[in-house]
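Here chain A shows up in two complexes: once beside chain B, once beside chain C.
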Partner chain A sequence: MPYLGGEETVRELRRALSNPNVQSDQLRYRNTILKVIRAMSQGVDMSGLFSEMVKACATVDVVQKKLVYVFLCSYAALNPELSLLVINTLRKDCQDPNPMVRSLALRNMTNLRLPSLVEYVEQPLAAGLRDRAACVRRVAVLGWAKLHNLQASSEIDAAVVNELYSLLRDPDPVVMVNCLRALEEILKDEGGVAINKPITHHLLNRLKECDIWGQCQVLRVLQRYRPQSEDELFDILSLLDASLVSPHPPIMAATLSLFLSLCSGQPAVSLAALERVRGPLLAACGSGSREMRFTALCHIQLLLRSIPGLMGAHYKRFFCGYAEPAYIKQRKMQVLVELVNDENVAMLLDELKGYCTDVNAETAQAAITAIGRIGRSYSDRCLEILTGLLGLKQDHITSAVVQTMRDLVWVCPQCSDTVCFALEGCEETLQDSQGRQALLWLLGVYGERVSSAPYTLEVFIDGVRSEASLGVKMELLTATMRLFLCRPAETQDMLGRLLHYCIEEETDMCVRDQALLYYRLLHCGIEETRKVLQGRRSDPSLGVLIGRPAEPVSQWARSFNTLEPLRQGSIETESVSRGSPEHTMFDPKPNADLSNTLDCSRIEKVHSECVRCPTIPRCSPQSLQAAMQLVNIQTLAFTPPQTLPWRVYLYTHTCLDDAPHSTLILGELLYTGEEPQKAEVHKGSADGGVGAEGIEDDM
Partner chain B sequence: VVCPLHLFRGESGGDAVGVFYEKVTALTGDQPPVVMSHKGLHFVHVRQGGLYWVATTTADSSPFTIIEFLNRLSALVKDYCGSLSEKSVQMNFALIYELLDEAVDYGYIQTTSSDVLKNFIQTEAVSSRPFSLFDLSNVGLFGAETQQSKVAPSSAATRPIQSSREQSDLRKSEIFVDVIERMSVVIGSNGMLMKADVEGEIRVKCYLPNCSEMRIGLNEEFSIGKSQLRGYGAAVRVDEVSFHQMVRLDEFDSHRILRLCPSQGEQMVMQYQLSDDLPSAPPFRLFPTIERDSGGRLLMYLKLRCDLPPKSLSQELSSPDQSAELKPQSRAVVWKIPRFTGGMQLSALFKLEVPGLSSASLLEVGPVGLSFELPKLTATGLQIRFLRLSPVQPGPSQRWVRYVTHSDSYTIRI
Partner chain C sequence: MPNFINTHSYKYYFNILSPLFSSGAPKTIQKPLPEDLKVRTGVVILSAQVLICRNYKGDVDMAEIDHFMPLLMQHEEEGLLCPVISHGNVHFMWIKHSNLYLVAMTNKNSNASLVYSFLYKLVEVFTEYFKELEEESIQDNFVVVYELLDELMDFGFPQTTDSKILQEYITQEGAKLEVAKTKVPTTVTNAVSWRSEGIKYKKNEVFIDVIESINVLVNANGSVMSSDIVGSIKLKTMLSGMPELRLGLNDRVLFALTGRDKGKTVVMEDVKFHQCVRLSRFENDRTISFIPPDGESELMSYRINTHVKPLIWIESIIEKFSHSRVEIMVKAKGQFKKQSVANNVEVRVPVPSDADSPKFKTSTGNAKYVPEKNLVVWTIKSFPGGKEFLMRAHFGLPSVENDELEGKPPITVKFEIPYFTVSGIQVRYMKIIEKSGYQALPWVRYITQSGDYQLRTNV
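Right after this comes the complex of A and B.
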């Protein structure tokens, strides 16, 4: 932040600081220093005052000392030579009878972050470990961690490490926890502090003395412990039971994390623990702090992956409040979709229906998508609501409804009659390209049942010159071709016009290529065309995936109580809109987008290898596929179920924010049957260098 | 947006504030996502008092801990500075630096207990409004404008906690026990109660120089869970209760007494929840009529009734202070009613010119969201029977018990 008159201020303050009259008056001196700090916190560069501030450090006024230290620690890195002068004062303060002054000096000595000063700091730090005041020991213990990180190469004396280990028995709980923290940092290369049986039991016994932050730290460190016997395991679990239902969400979450890592071999115990935290998690969901609510919601989503029915009875707790921010509402809807069952479906849909007219377009869209998801199991009720929404004639609602209907029909072909009936007349309100693409797909696939389909397409074809969206043009080509196959008399003329335009006038290569392909295809005869274009209208394999099978806890236990669940959702909500279902069900964009930027010649085949998986736990191909989708491995194509050998073609790509290259990995999964259970993965990894940049932009 | 920046580990680099500011301002919508990332650095923030409280971390730390800490930190700053606003933070930046320095060392949370911290904090708070005794002594006379101020002086709520060194006799020793309930209610279009949840808490705000123990007595009929019923009167029932660690419950089962040693500042003593089973009818009911008039305008006739028992002192208000405003941005009509007594009924007729109004548009109207504050009332019926302090406080001390019910979300579908 540029600050006008910054130099003027610095000069004025320097004058004031070196004025002996100010220096002799404690209150004036302190106020001048306050002004310096205030200017510093506003972003003015105050480093020029360093030497004056060093002098101000030698004072008996603790408030002034603290203020000066704030300044010195911010600018020490710029003035390493002058900082040497501070060390003397600091070392003298370390001898002060007042423990507060001692701890202050020690803390700031280590906060200067100057490698050149390490030799002067070590001795007071060593003395600090043996100080009689707990607050000095707390600072000294962490000081060693700071020192270690400052000089990562230098080995910290083994004697110091031993002393830190012995300080785990310190009467002050904060010293104990700080020892854990320091040892974790110092021994990072060796995998952190050694967690053996005596240390574990000692820590567990003293858990109750710590405050919530200390407890969280101890619980986190203990995750590395592996109990030696089942009896010991259950002793630990029963000791921690009270923490599991703690009213403080951080403790509850840390304890559950520990439970899950301790019981990784005991799925039944893990599930029981999940049941136990239901109450505290629900309470956190109703917490006064929005952010805490959000965090709890994200973690409930994790839990639901293993126990889908966990919150079934409490579905009303996930109803949205009208003043809640959009990100909470969207999460709540995602949870509500998981909780639907025969008893609550009526109430739940009624509630979701209310959100569909939300002022926030994103929330409305999320609500409509949620209804579509429920429609996979309760199609009649949901279609009734969706059809009703079309009557509102609001463009963003209509667009979302049509997209939802397309996705629904792809999964449940039995809904197609109602959908076809509802489609009549909604093209007038559709504005955005995603919605129009969805409409075109539906018209193409179910054209024979929508009486007005040719007229609707004709309007699109007449306006194709002014059409800006690439996706709409391509979808229009396919839809017209498909409609031509079932209603040739009405469509022939407009198809000709469309192909002519696309081949002769269209500038975009993608559209042109597709039009040429269709043109040549038509030359091959109608039967060939039919074979190519009239593929499946629905995805039969998805039927199995809908009622999401309960996953083992170990799938997500690692990401529990980390930032990951909070981040995931933002990606999910962005990908609400997607292309035609038959392209890639889970890909946010139709893969046609890739072809104009990605050129085969640029893809470099890095390596191709075959991995044999000797043992595969008994599971159906479908659940395997579902599991892979969760770790962002997408399916390109697969053979129908119950055929042997069963093959899946997979791909995954890196999605880093600012990497210049992105990597696309293609793979084949081969499942040869029950007897010698094996699966082979052929990996072909392709590095899309320059060419792949375009892909990133689209993702 | 104010960010008192403090580098604890030197991992974030100096431009972290700038990066966060850009990220926040670049986004549209009501609130940016809680977690944002930039080059491997995660920003986690909470919003309190109109300020962003941001923590940065490179490791995958516990979000529960970070968010709880940020909330706790903002509460501490509020305790120490008196109130929470951009102005008070700017005025007390030195105090906040000091607070942060004592609470966190090298990115590790050391302590957030105001009892421990008060021994270390030396800087004195600068109150944005100077605290004067004059405010306090006048409470009964002129301050009795609203229910709230009748109960406690308004300045008391925004008051820095007393540091141990300045025990001047001028400052009164006071203790506040607040019972705060948040209702979230959904009433269907047919007037049926679809959902009614209450989240309640008892908070203690203590400004007593020395108080070793206090006892809070709740209703004798207070019962937890569905099965357990106590007493002969109307039961006061909640589904779940949790207490702060420091609360001792040896007399809770028999006499419903909480024993605790309050520390200075504000703290939560007890939290409880009740779902779907309110002891009384929801406080407000709405009777809407929505139609289209001959001129193509949208007519909304709303009749709002308050079903609380009428107070004996209540007077008939002709409600001249009501106001209504159309907010085109959020497509909402805001009807403000400054005061609403029990048993009262208010009605309003809104005529809206909507371009292209069709009969289908009527379906788009709604829901109605009410936000209100009910003083001296708890939805669950929880009451504080008594409040005893020991040892008996020397000199004048004041004890305040306040009840208030907020609408967390009170939705009536049309």
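Right after this comes the complex of A and C.
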């Protein structure tokens, strides 16, 4: 952040730096330089002092040198010509008898990041590889990687590559590991270091000498090795067994990763390795650092996908402490849900119940969602807890409970009686739109069993003018339509009012179109309407929690020990806490339904095309949806998050009100997991007209 | 975490470092990140603005860091805080230390646990240098910070991270003028990388501390939900030359350590040795032999996941009469041997945030109301085993109820019991062999203390 008076400071410092009196007094000179660096750290632009600072680097004072180099490396890119002047000093330093000075000079020479200086740097770097002092060799080896990074296109001398390979046998372990790192960088295009049998065995033998960073690097590089025989494979595995149970989580994870890649053809061995890391992983979950705990939890979630029973006996280790941050609590709850079984269910639910009243609303909602998930297997106990929570009359809790109940009913229709009974009266405490949408959905689908349903809807309809949420309005329309089908006498009047308002006064196109659609639908007759609106009420196939098939390890092995498991989590928590998108699931087959209501003969042009999307955008369904709404692409329905294949049904239409022809485009977005994303677009233009081309292809 | 500075008087004492994560005005150390194993960009230390930043790889624009604080704030508000924050294709992995943020930035699918380990390593190294890592110490020492950042990591790869070694050639006295003082420490290339040669003491001594922390979680109806022991053996060595040490532990523990004893219930997991311990010898004949680092170090640590009887048992009755008062009755019982005494026992009982006019009655010790933490702290200086004490507290409540939803904080207990370990670990002998043949004295002490010791309440 630049602060005022920056220019003044620069001028003053320049005067001081060029003052011969200051220059001759080493202490004053160094203090002045210190001031320059301090100002630079605070964000003041000091690049104007470059030439003065270049002069200052010719000194015997090592600390002053270091300071000047920090400055020069920061501003070199702005002053490539002046930087040439530094090179001489740096090259002279490379001859210094003190190895510290030599390594410092080499490091900074390569840190200047100026392609124009490469020719001057190569010779000292080559000499550095043969230096007596290990600390110089360490720097020189990485220096070559930096050079290559600077000019990725240029060929690095084969002799250098050979020399780097031979330095893999350097007595200093850090030099060895740095060689691996440098070669990985330089030979990136060829797939990295050549990992053959002698190199592998050499690296494995020296593994113990390295520090944890080095060990992780070696273990990672070895993932590319393919043992030539089963005997060799098992020799390697036994050699690495101690690392597998290492108390350092990074080493443990890197070793497991290596095991999984070495044993990709031997699932039984992989599973045995997973059993073996249970202890160290649990220990990492109790680590003092919350980030490490979080990372361990995310990785445990991966493991559970393949061995659901892995942590069954240790469920108490995932109970939350009071002061733990919300992100850890939420992860722990997700793990707890996976661990539930007949013996521990009572204890687990009791514990989760305690979290439902957490001060952090997100944590409370996550706990309620977790109970709902367990409810798929143990519905009676969970519904009892959920119903009890409604009695607290806290709006965020009620909202989460109603949403959870909706999701539960969708999967377990047998719960509907209890849910219908519990719904009475909870509309008073509901504030947020997600909760109200869930309530409306339930009232629409099970309206005939909730005696007060028409009255509740009437309150909503009376307040529709002041309703801000688009989702609630859409849901209200559908719910009222559905209730009308089963209780026409009580609902007819208010449905009329609602449709009238939505068609005549509503400004939002989506709501208006939906209302018009229903209005026309009613014209087609009550049977037709019923066919469209009363789709499936539940989808038991979404599955009970217990007895889910275990995924093969290969599904996730690649993302193990990377950033990805942590990121997946954040998307997951987002969708859990923001209210699930299941509210759109009432329309299971929108394409089929719509073609029922439209007269197929009037669709002049129907064609479908399938577009493969080469890159998979990493974003949550919510943000995707929001982005598409901006360009007037609306979502009809989508499957719950984390199901594969994941689908979204989309539509868009021309917005000209009185145009004789309009175009309706329906699309399906299909995400099948590992494979590239596929957007399949079916287009149908109703009433004849010119179809707009490929609007959503660029999604 | 106890901070050990043993004195020659061999007196038992103990002090608590300020908590690692305290809240306060946000400040940041940001540090760019590793891809896979590389820390890619630079380090940034912020204090509402960036304090220090280092770009190691040059492939992430350091200006990206400007997005970090706003995103962090936004996520915090939404309750979606997470140790990884992404902006575009740049991922920020951050930890917070006192009120600094250390942020690593990467645009690759990095190895998360390695990155966090490195950030914690930074904290460790800086703390050893500056005692406290905070905004002021960074600003006062930024020359050393720059030097350290250069030595710790190069081109995104961790290099020399052992603070003992770093301290030999990067010193705060660097600020004093001393021309051409730097000489390469022998340890940068030495086989014994954690100890330099030529150390001399007038009096040769080793202090051994065996410390066990008890973690307990008890639920509201009095059953123990989880409990474990985290133990460590710390050394303070003041020995000349290159001594060879051998530590003997009692058999029961040794069996547990090597996992040879399947019958007994004690199972040690997560046993870590300092890098100086010769693991191969330990595996062969179960001797712990090593050349110790000079000064303070942690020789080993372990965890025992077992059902421990809570050493201090708390029964509480908290009755809240809305709009009028809260009555608290707490009974503490020492469930350990009569010969032992727990010192500095603190029972922290949560009270509603709107409580007022406290009144206390205790059978021993002092009770104090700490309104800023909404706690009653009941302190008992000395608590003999087998004894039972009582504390009653009375608070008034305002007639207008506080709408804010309050959590149910647990009762927490702090204590320390000297000359006692829960696991029964014992140091049998410590042999010190040095080629000059001097006599050296080993000193041992044992402490059991509370770790995360929580008892949930009904209210």
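In this text, the second predicted complex is superposed on the first by the 571 of 699 C-alpha atoms of A that agree within 3 Å, B and C clash if a C-alpha of one lies under 4 Å from a C-alpha of the other, contacts with A are read in each partner's own complex, and residues count from 1 in each chain.
Simple rule for what comes next: a residue touches a chain if its C-beta (ideal position, glycine included) is under 8 Å from a C-beta of that chain, and two chains touch if they have at least 3 such contacts.
Owing to the predicted nature of the structure, the values given are computational and were not obtained by experimental measurement.
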**OP:** Determine, for the superposed arrangement built on chain A, whether chain B and chain C clash or fit.
**Re:** clash
Original post:
Where does A:P198 make contact in the superposed view: on chain B (first), on chain C (second), on both, or on neither?
Top reply: neither
Original post:
Touch check for A:F319: first (chain B), second (chain C), both, or neither?
Top reply: both
Subject >> chain B versus chain C as contact partner of A:K393, first or second or both or neither >> reply: first
Original post:
Of the two partner chains, chain B (first) and chain C (second), which one does A:V60 touch, if any: first, second, both, or neither?
Top reply: second
**OP:** Scan A:N178 for contacts with chain B and chain C and give back first, second, both or neither.
**Re:** both
Original post:
With the two structures laid over each other on chain A, which partner does A:N98 touch: chain B (first), chain C (second), both, or neither?
Top reply: second
**OP:** Could you say whether A:A134 touches chain B, chain C, both of them, or neither, answering first, second, both or neither?
**Re:** second
Original post:
Of the two partner chains, chain B (first) and chain C (second), which one does A:A283 touch, if any: first, second, both, or neither?
Top reply: both
Original post:
In the superposed arrangement, which partner chain does A:A361 touch: chain B (first), chain C (second), both, or neither?
Top reply: second
**OP:** Under the contact definition given at the top, report the residues of chain A touching chain B in one complex and chain C in the other.
**Re:** 34, 37-38, 41, 62-63, 66-67, 70, 100, 107, 113, 135, 138-139, 142, 145-146, 174, 178, 181, 211-213, 216-217, 220, 247-250, 253-254, 279-280, 282-284, 286, 288-292, 294-295, 298, 316-317, 319, 321-322, 325-327, 350-351, 354, 357, 359-360, 362, 394, 561-564, 566-567, 570
Subject >> Parts of chain B lying in touch with chain A, wherever the complex brings them together >> reply: 4-5, 7, 10, 29-31, 33-35, 37, 39, 42, 44-48, 57, 60-65, 67-71, 93-94, 97-98, 101, 105-106, 108-113, 119-120, 122-123, 182, 184, 186, 188, 194-195, 197, 199, 240, 242-244, 271, 273, 275-276, 330-332, 358, 360-361, 363-364, 366-367, 369, 371, 408-409, 411, 413
**OP:** Can you check the complex and tell me which residues of chain C touch chain A?
**Re:** 1, 21, 36-38, 49-52, 57-59, 78-84, 86, 91, 93, 95, 106, 108-114, 116-120, 142-143, 146-147, 150, 154-155, 157-162, 169, 174-175, 177, 179-184, 188-189, 217, 219-220, 225-226, 228, 269-272, 279, 303, 405-410, 452, 454, 456
Subject >> Residue ranges of chain A in contact with chain C within the complex >> reply: 1, 26-27, 30, 34, 37-38, 41-43, 60-63, 66-67, 70, 98-101, 107, 113, 133-135, 138-139, 142, 145-146, 149, 172, 174, 177-178, 181, 211-213, 216-217, 220, 242, 247-250, 253-254, 279-280, 282-284, 286, 288-292, 294-296, 298, 316-317, 319, 321-322, 325-327, 350-351, 354, 357-363, 394, 559, 561-567, 569-570, 573-574, 577
Subject >> Parts of chain A lying in touch with chain B, wherever the complex brings them together >> reply: 34, 37-38, 41, 62-63, 66-67, 70, 74, 100, 107, 113, 135, 138-139, 142, 145-146, 174, 178, 181, 211-213, 216-217, 220, 245-250, 252-254, 279-280, 282-284, 286, 288-292, 294-295, 298, 314, 316-317, 319-327, 347, 350-351, 354, 357, 359-360, 362, 388, 391-394, 561-564, 566-567, 570, 657-658
